[in-house]
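In the two complexes below, chain A is the common chain; its partner is chain B in one and chain C in the other.
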Partner chain A sequence: MKEMKIAKNELVSFLDSLISEYKVFAPVKRDGFVVFQEIYSGSEALLVYANSKKPPKEILFPQSEVLFTYRLGGEGLGIEEPTFKDKQMVIFGIRPCDAKSLVILDDIFNSQVYKDVYYIAKREKTLVIAIGCNRPSSTCFCTSLGGGPFSPDGSDLLLVDIDHEYVVQAVTEKGKQFLKKHSEFKKVEEHSLSLMRSVIETAGVLIKSKVETGEIKKKLDVMFDDPFWDWLHEKCLDCAVCTYLCPTCHCFDITDEALDQRGERVRIWDSCAFPMFTLEASGVNPRPTSKERTRQRIMHKFKYFVDNHDMAACVGCGRCIKECPVNLDIRTVLNSILNR
Partner chain B sequence: MKNPYLPLAMRTEKIVIETDDKNIKTFSLSFLNEEDESSFNYLPGQFVQLSVLSEGEAPFGIASSPTQPGELEFTVNKIGVLTTALHNLEKGAIIGIRGPLGNCFPIEAFEGKNIVIVSGGFAFTTLRSLLKYILYEENRSKFGNVTVIYGARRPGLLLYKDELKEWEVRPDLDVHLTVDRADDGWRGKVGVVPNVIKEVAPSPENAYTVVCGPPIMIKLTLPVLRQLGFPPERIILSLEMKMKCGIGMCGRCNIGNKYVCKDGPIFTLAHLNELSGEYKPGGRNFETKK
Partner chain C sequence: MPDTSVMIRDTAKKLLVEKRVDLIIGFERGTLPLRSTPCFVRRSVEAEKLIWNASCENNLARYLRKRKEKVGIVAKGCDTRSIISLIKEKQVAREQVFIIGVPCHGMIDRRKIEAKLDGREILEADEVSEKVILKGHDFTEIVAKEEFLHNSCNTCNYRNPVIYDVLIGDKVEENRGIDEYGEVKEFEAQSADRRWQSFTNEVSKCIRCYACRNACPLCYCQECFVDSSQPRWIGKTTNLSDTSIFHIVRAFHTAGRCVDCGACDRACPMGIDIRKLTKKIEKDVKELFHYQAGVNLEDVPPLATFNLGDPQEFIK
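And now, the complex of A and B:
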């Protein structure tokens, strides 16, 4: 991996130059929360932050997305097809856990048989610039899921903050080409590289939460009927915040919104925590209570997804731990499963 | 890259009221564009998503057979928002269609075999597709004996009444119709489907059985078929679940690690028994594992 560097005081002007060419998304503070939004000036980007409240998955998989529009009452269906003319995009400042979630989402939306053109059109035009985590939070457990505060998975470029400058690692060929194109990136000295190594090492030690997730699937393989699920859900409120804020959760609903002659078919995030998620018109619901729904969430992330994709649908970002109103901590859940 | 979410346009050519309570109708549709028709290739057992724009989309098994080119048929029970919207449509209405989706009945494996079709209520739709496919002149000789055991709560709720009459008199088809409660003109059997299977006792020798019906029928039918000697590998079921995307992405129709939309809707009982996951009705497995 070839490293370069960029001085911190040049970052804002670098982002400004990107904005003229790309649609740039970066963490910003809005209403007291950190979220990823399109920025129109380099100075808007927040450079010191733990992680965003909402995962940046919504850049590629929006919470609400129009699939197509239509006009009623004319010839045929009157559908106006989408054109996918998005600009090239840069996601700047994404954390390595969230960058890794893009690898997981790629496997779902760019499957072998079916192609989700809405996701793929945006994804193909996106360059991912991650900033590693010098100071991981107490809820972070990325290292338990094959990631780490400086894991390169899913990023094209990875930035390491070494105080006065960032060391930049080109992870993909796309990242390498990008580095070549931009003169703001300079040759890096050995001194900076050794600082980078020590930052990476320190951050790894700061992640205290450890779950032996390698054993989880084997346990879950035979746990569908385990009495564990009878009590696990008891304090769950079915609020679904864990799934809405999860960078890998990808369940959605498709619905029509029409007024007079104009209508839209819209895809919106949905959640396995909601009773309506699987409720059929006949009144039958295969997951009628919180027990089945909680089991589905855990099983999907740590067994079914592993069966189908050879990886867990969790990156250890800790959002579900931070935001759960009843402190249903996924690390505790996983450790309880291991102890069964 | 093909956009899997865009529906194709079809015109409603004919609407037939199937049942005396008028709650089930069969829609015959034809493609508006010829290219769409030639690119839509399906086999019995597959389903589609039907759209009534402004109301939404829902999955329906294809009730017609690919041996009747130019038209697609869907039998719709009026039970929710979209099915009500469909029932309110008149001849000539334009309907959106996405598909074909899901897998089909294992037709190649069926060749040279005797086929026992078991169905109850309005679940007969994709089995009608299969039956029409098998009975098609050029196909019939590829399959062995065909037995149909089909029941409804009362005679007025049986689907495809005109076709049933034709099928009953066909020499190459063994049809057993049954109802829970007979009326004056009823000449078929009286009793629930599992009891009629016991009475008919189809031989499992060189045979596949295909079962589609309400959860309670499935639950009571499977032990009877097992008793008769049908192995789980040759008991074929068609499942349904709430679906949105139909292509394995929206995340709601899974049973264990399989998606009913993408990996199904057709499964063998042997396959289902291997999966951990929720099956209807309420309980876990169709068949208790020993």
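And now, the complex of A and C:
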């Protein structure tokens, strides 16, 4: 891994220079919380924050996305597909947990068996610049899921805040090329590198929240009919806070937004918590109650996804913990499973 | 006076042991500071985990419907008002519910405290009478509870349970001298453009997670209009047209039913001021039909009756 550095007071002008060339997304404060948005000036980017309210997955996998538009006219049916002519993109300031979620989404939308042109078109144009977490939150449990406050997975570049400057690690070849191209990145001294190592070490210690996820799948393998599910869902509101704010949840529905003879076919997020999610045309719903739907969320993340992709569909970002209206804490759920 | 939590536990234990109820719905300690979580107690030994504090913000009446067993429920003033509405709407039978009424001093809005701390994370919070002691990585702050209550608590006139089978502790003094509809009046005084702008500012934050609907004890339609696909009443996107329709229709559907418990507001992860609409409608119903939902078991809900003298000036 090759390191460079950039002075903090040069960061805003660096982002400004990027904006002329790339569509740059960064954390900004809006309505009292942090979200990822396209920025038009480097000074808009928020550099000190815990994490965004909504995960940055929506940059690549928006909540509603037009797949194509159609029109029925005199000449028959006309279909217009997106041209994917967007500029190159940079996601700046993403947290390592959310960067790791992109690895998971890549495995869904760009796999051997399925290539999602809408996702891939954006993903291939995207450079991911993460900022590690010097002070993780008490709800962060990334280290339990193979990540960490400075885990490089999913990032092209990873920035380590060492007070007056950032040490920049090039994680991928794309990241290395980017570093070479931009003269703002300077050679880094051993002193800064040693500061970097100590920041990384301290942050690791600050993650106090841990779950032994290694054993979870084995437990879940034989738990489908366990009475555990009879009471787990009891306080769940069946809303989509946890799934919509999850950086890895990726289930969607497809719907037509039509008016007269023209319309849009739209892909929209869907949630396993909703009763409509598996309602079949016959009227039968294989997951008729909250019990089956709550089980599905846990099973999908920690069993089925592991079966299919060899990793859990959770990065330990803690959003579902912070935002659940009834404090149904996934860490408690996982620990209860371990104790079965 | 003994601790409220202890009294709730003792009551719950007694009810379970004497088999007067099969289930107690109450609160237990949550996993985060300033957070309690709903809990369901079926065995008397489990009653030990029941607690009471200023973070018992959820409206547990939401969990009452469709139960076969006899239920004991820990209920604040607003929760008892929801229970009354549910009884009137024949969703719950009075005799099926044992109401453990708890007078309430208002619930803490942790998001208001978080906003004050501006990014500094609360790692520990202790309630000591009227204050909350907040501790973080390198700070300790003491704040007054009453400055950080939920908006619906600030305008609440029913801090004491309206109906109950047992009352825990002494009644508290009701809010005095507050104008419950102060904010609504300010809203009404604005121009239509300003009102629309302020409404759309709020609903543009909506992510259609339906936490507001699902937290609401009175949102119990067998099939919500947003879920219906045949016919489809509303698009599923987060475009302003779709989110506006969702919030407007939901608000109208609570007319004459909403007890302003604030459950929708509290559940919203995006901090949408959902009460802006529901409180306005509540005021209209009160002014036009002299009805307030959930304040007694006798008054007939305005949508369940009609009167030749009903106001109709709004019909043009």
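As a working rule, the second predicted complex is superposed on the first by the 336 of 340 C-alpha atoms of A that agree within 3 Å, B and C clash if a C-alpha of one lies under 4 Å from a C-alpha of the other, contacts with A are read in each partner's own complex, and residues count from 1 in each chain.
Throughout what follows, a contact is a pair of C-beta atoms (placed from the backbone, for glycine too) under 8 Å apart; a residue touches a chain by one contact, two chains touch by 3 or more.
Keep in mind that this is a model prediction, so the values were computed, not measured.
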Review point. On chain A, do chain B and chain C fit together or clash when superposed?
Key: fit
Exercise for review: With the two complexes superposed on chain A, say which partner A:49 touches: chain B (first), chain C (second), both, or neither.
Suggested key: second
Review point. Touching A:72 in the superposition: chain B (first), chain C (second), both, neither?
Key: first
Review point. Should A:120 be classified as contacting the first partner (chain B), the second (chain C), both, or neither?
Key: first
Review point. Chain A residues in contact: does chain B have more, or chain C?
Key: B
**Study point:** Partner chain in contact with A:277 - chain B first, chain C second, else both or neither
**Key:** first
Exercise for review: Based on the superposed arrangement, let me know which partner A:108 touches: chain B (first), chain C (second), both, or neither?
Suggested key: first
Point to revise | Partner chain(s) touched by A:214 [first = chain B, second = chain C, both, neither] | key: neither
**Study point:** Computed vertex angle (chain A) for partners chain B and chain C, CA, steps of 10°
**Key:** 90
Check your understanding: Where does A:255 make contact in the superposed view: on chain B (first), on chain C (second), on both, or on neither?
Key -> both
Study note, to complete from the structure: Shortest distance over all C-alpha pairs of chain B and chain C after overlay on A, integer Å, is 5
Exercise for review: Could you tell me which stretches of chain A are touched by chain B in one complex and by chain C in the other?
Suggested key: 253, 255
Exercise for review: Report the residues of chain C in contact with chain A in the complex, numbered from low to high.
Suggested key: 30-32, 35-40, 58, 62-63, 115, 119, 121, 123, 137, 205, 207-211, 213-215, 227, 229, 235-239, 266-267, 269-271
Study note, to complete from the structure: Per the touch rule, the chain B residues reaching chain A in their complex are 1-7, 9, 32, 51, 53-58, 79-83, 94, 96, 215, 240-242, 244-245, 247-254, 256-257, 262, 276-282, 284
Review point. Which bits of chain A are touching chain B when the two form their complex?
Key: 67-68, 70, 72, 76-79, 81-82, 108-109, 111, 113-118, 120, 221, 224-225, 250-256, 258, 263, 265, 267, 270, 272, 277-282, 284, 286-288, 292, 296, 299-300, 303-305, 307-308
Revision key, fill the gap. Listed in rising order, chain A residues that touch chain C in their complex are 31-33, 48-50, 53-54, 63-64, 135, 137-139, 231, 234-235, 237-241, 244-245, 253, 255, 257, 266, 268, 271, 274-276, 321-323, 325-329, 331-332
